[in-house]
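Two complexes are shown next, each including subunit A; its partner changes from subunit B in the first to subunit C in the second.
And then the complex of A and B:
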């Protein structure tokens, strides 16, 4: 039985991202003045999950061999919207959350409709829709401000049983509610198949369009979860252009770090999550080693390059090894 | 149970692509529990027929009935639903997914809306076993499998869909002999289980072994149906002959073949399983044709000369001297002076959105520039010459080349290479999809270039062109040169017989077949 071998081959990218993250996080916490404490983990997790949600969103689209340059802007838009709506009594807050998530879903669905039915290239279509989404965000919040239901915010950014960061639990819940069903559904498989070879998928009667549409729409939803969390984290809405763009670019970096192929058809959102967490830890590492924050972009670039070449190398080696055993 | 009522019937099916008619009132009926072979030469309409059956292409007219009820298929999925499953020549597997994922891809088993992996695994294992390919691991990724294994997965995938009619289009072309034997066993078992099988192959021995019924296609029509074994190979060739001759060819010069050193020579070229010990020579002023059925290594041979293939064994000689051609850039180099007119002008020949002018000068830019700066005046002169020589019809030199007609686009591809005044010209089916008028101009041009001293190697899927244009024709089969036809030997009968690799002497049954 060499089933595990195939499983390993399939999960290689994810495991590599996990490995990189663990190594970096261990170095970080062991050099942190406070060490591996619940507090340190909570702060890291709150920062990390923001990019993790956006990276998950990016993964869905990248799997279909597309790219979504609007995820950062959906993230920003939903942050601004949440700073208006997620407030007040329990019922009001609940409706606010639903409205924010629904908006993200709608933004993603619009992207999908334009790319699939309008037959525009994803890169162009999402640059355009991203600008529109940011424009709406700016109208909602010309200046940073607003507020959020602080009880909910504190609960979701705090700790469970005093040790486990609540944000990680939410991340896990989103993985279980959105990613796992999608990746195992017929639509999810259609998204993978379309990304790997759209023609073969068509010839096999796969529902390509519905699969791709679902991927884009769910990407919008996941970006909105990220936007919601940003609001819980900052208590305000801020239509910050630079931040939205940075999240878009970092999400692509995280996806690549997580072993998701930009050519489509391969990879997992779990990998992208670890990619995102690893990418975030770079900044923290610079902090504990007393580097000037100015070094951060340079280091992030170098780590990304190393990780990508490592991934390619591992792929090459194991492929040879598979030939040995087949 | 003699299958008196046909399971599936096609009546009066016609399909045109632009001005070309691929099918003309074609008829076919298929019965359960039998293997039906479809024969025909290149372009006889076999592929289009299958595509219509499998829902890939919608016919212009005609009707199809299944179990006596009229059916239409809007997509491959609709045809699958009705029980018609096709194994295409171009593989329809998704490379990044596993074997099991691919086998159930059209209709995965689900539980609570999610794909049931255990059930999927079971279905895949069953299907692989039924196809006689239990050695393939269901979790392996398709992209990691060699071509022959992928072909077996393709067959397993078709079986998993529980077809009533299974179409195999050259499905054995990539298989090893062991696999072919296994597949034959599988197909015979399926026949006994009551399936209708449609088998398209150019391998006469396979058809002889498998088929119950044969139908021959020619010019988009079914010209004969007969029970297998009731006609000799020669009679089958006779049925396939009879293309309509509509082209006018320039006269061939009378040559004395005791020419000097050949300009282009190949000695024992082999490459993977696509080229097998090919040796040939092309002299100055000679037009040498490459014949045979489509996909027998002709393209690879041209690519081998042009420096595209890696890991080639054997020798290429230019003017009698061995050369190593490492890339297309090296092939076009002055010492070699080779040009390749590619098959797919849209991807390999032209940059469609760029202008006619830019496209024309690409291959010759190094000759037209000094220190990296293009000499615009010289470029213009040369372009004017070429547009005049080839009579390229364009509204201007600065419009996108994509706006020209197919024939004129092809002229631009040819002109682009002629700007380098090549000594060796390789043509890969250059007249596919272009109009008759332009074709004739190209024939004239080819002869003119040869008369001016060029060595021309010309692959065509149109036998008529090979007969009309070539001084010699080499017929390829399975990557090897099976026959060389010189001068008056180049006849449609000889071309078809050798393309099918039918051995034995030419039986002089009817010489008058060439209309």
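And then the complex of A and C:
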């Protein structure tokens, strides 16, 4: 096989997610009353990147064959924290941003430490830490409120040169600064190896513990970027249990749509980003077709159900029944 | 749960202690510790009325945790508990609005809806081989969507039937709340199923190694599906009882039961990887969680503090005895 065919096989999930997203977005804009304008694209991208950041965070953990059910709560916690700290003069704002991102990194590191060094199951451990993070968020913001540096917020949720949504540029920057170096580093490869076969990776001397720890910690950081963006988008902090839970759920849906294997070791954050954008666009399709917004949760749930059932097609390729049982 | 019944208490105790799971003993020790701490705070903690009240509150969680335990014993997890509970409560209350026949069918129909959710979960996990964590999250979202469409986004106006209220708050035997009796009956049935039937042994077998269970002739997929259906049904029944207790259903009534039900099972020494655990441990876990919640609310801890203490206690206790073996 030629090199490009290997590349194509590796990127199949990502390209499929890109394809779904493009088709959905074309349907969306062609039926939108305002059509394909800079405004429509800006609003769509602002909503989309929130989920894209959380989905990237989920991808990092899912690649290690784990799961982080606290991403939505880290997202909520950093949103509440940003509504206190990211305010005032330039330097104060900068420190606020650093503090918020640092908090996210710390939350992720705590998850990683409990799962890897405490040897607890990721599901139970992250549900429990998620409760803690939500409790802290509720302490910070018992009622919705707070404010944010509006100049920065408007700059990052506005448009660059009048056409390109600034949020997409930030997303691209985060991909280039966090994801690309991580996935090419030894730690990133270790995270993939740990997800693919932890025992084999351990036997080959791959630093699986450090790799997994880095994945969990960076997941916290990425969720914090999402929380920061939510603050820029809404100008307030709000410790909403339902919204945090919904983001956790949607991040899993986006990861699945983006071709990342839930059994670990396969997929990329780029795919998850397109999965997130596609998921958001599908959810918004209801609005352009004038459905009652009440139907949106059901619609999104059904899409989620279909998306996760798609993986079952792989069963048709199984020759030996014993391979049903992993 | 297979202690011998021959011999006096003196002859039984050492054997009982020798056989008992250290996790179960730790959980019971923590219950005693919590009661002791509570009694330092207020005398009324050790009064029979208070303890019976706690047992009654615990029985709702106990019914839900029973189903969760069955699924966790398989090495799976059921994250659709929140909306299975709400669906059970809402559908039972909704049917009750359709005349006398509706009132009679309210409880069975509520449970039936929960079983339906469980069957979808079971088909996804057993036949489509979707990870249980994912498919149950998805069915939870669909159930939520259905209920939002049905209720219009508000808590429904229908109220629970007299039978539901009687089951949750009545006293068939003077002094013992009905909810506690129901929990005891369901618990006894679960102990019987787990220890005395081939289905129960199959559940433990699949939890240990599904491949081995399959090769020894167990229809593992059917067992997994039935287990999920039972879990869904018990969650919905818990919802029915809760609706009877609060006399109506509410939108997010089930949210408060997901983490506690998993925590109760896991704190009771059942391995989250499946195949190991006893119902006695789950009972201890349920009582432990309920006491913890009660003490936090008696101390007038705000919701935020409760969530934090709760998460920290669960992680701390799991670190004490729930750790996976180190890789070698």
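In the analysis below, the second predicted complex is superposed on the first by the 299 of 326 C-alpha atoms of A that agree within 3 Å, B and C clash if a C-alpha of one lies under 4 Å from a C-alpha of the other, contacts with A are read in each partner's own complex, and residues count from 1 in each chain.
What we mean here is this: a residue touches a chain if its C-beta (ideal position, glycine included) is under 8 Å from a C-beta of that chain, and two chains touch if they have at least 3 such contacts.
Since the model is a prediction, treat every value here as computed from it, not as a measurement.
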item	value
Contacts of A:266 with subunit B and subunit C, given as first, second, both or neither	first
A:134 touches, of subunit B and subunit C: first, second, both or neither?	second
Chain touching more of subunit A, residue-wise (subunit B, subunit C)	C
Touched partner set for A:120, first subunit B, second subunit C, both or neither	second
Partner chain in contact with A:34 - subunit B first, subunit C second, else both or neither	neither
Contacts of A:177 with subunit B and subunit C, given as first, second, both or neither	neither
Subunit B versus subunit C as contact partner of A:186, first or second or both or neither	first
Subunit B versus subunit C as contact partner of A:294, first or second or both or neither	second
Which of subunit B and subunit C A:163 touches, first, second, both or neither	neither
Touched partner set for A:205, first subunit B, second subunit C, both or neither	first
Touching both subunit C and subunit B, counted on subunit A across the two superposed complexes	199, 202, 322
Residue ranges of subunit B in contact with subunit A within the complex	56, 75-77, 80, 88, 91-98, 101-102, 105-106, 108, 110, 113-115, 117, 137, 139-141, 144, 157
Residue ranges of subunit C touching subunit A (in the complex, touch as defined)	77, 124, 128-131, 133-135, 137-146, 148-149, 152-153, 210-211, 214-215, 220, 252, 255, 258-259, 262-263, 266, 272-273, 302-312, 314-315, 318-319, 322-327
Subunit A to subunit C touching residues, read off their complex	67, 114, 118-121, 123-125, 127-132, 134-139, 142, 198-199, 202, 241-242, 245, 249, 252-253, 256, 262-263, 294-302, 304-305, 308-309, 311-312, 315, 321-322, 324-325
Residues of subunit A that touch subunit B when the two form their complex	2-3, 6-7, 9-10, 181, 184-186, 189, 192-193, 195-197, 199-206, 261, 264-266, 319, 322
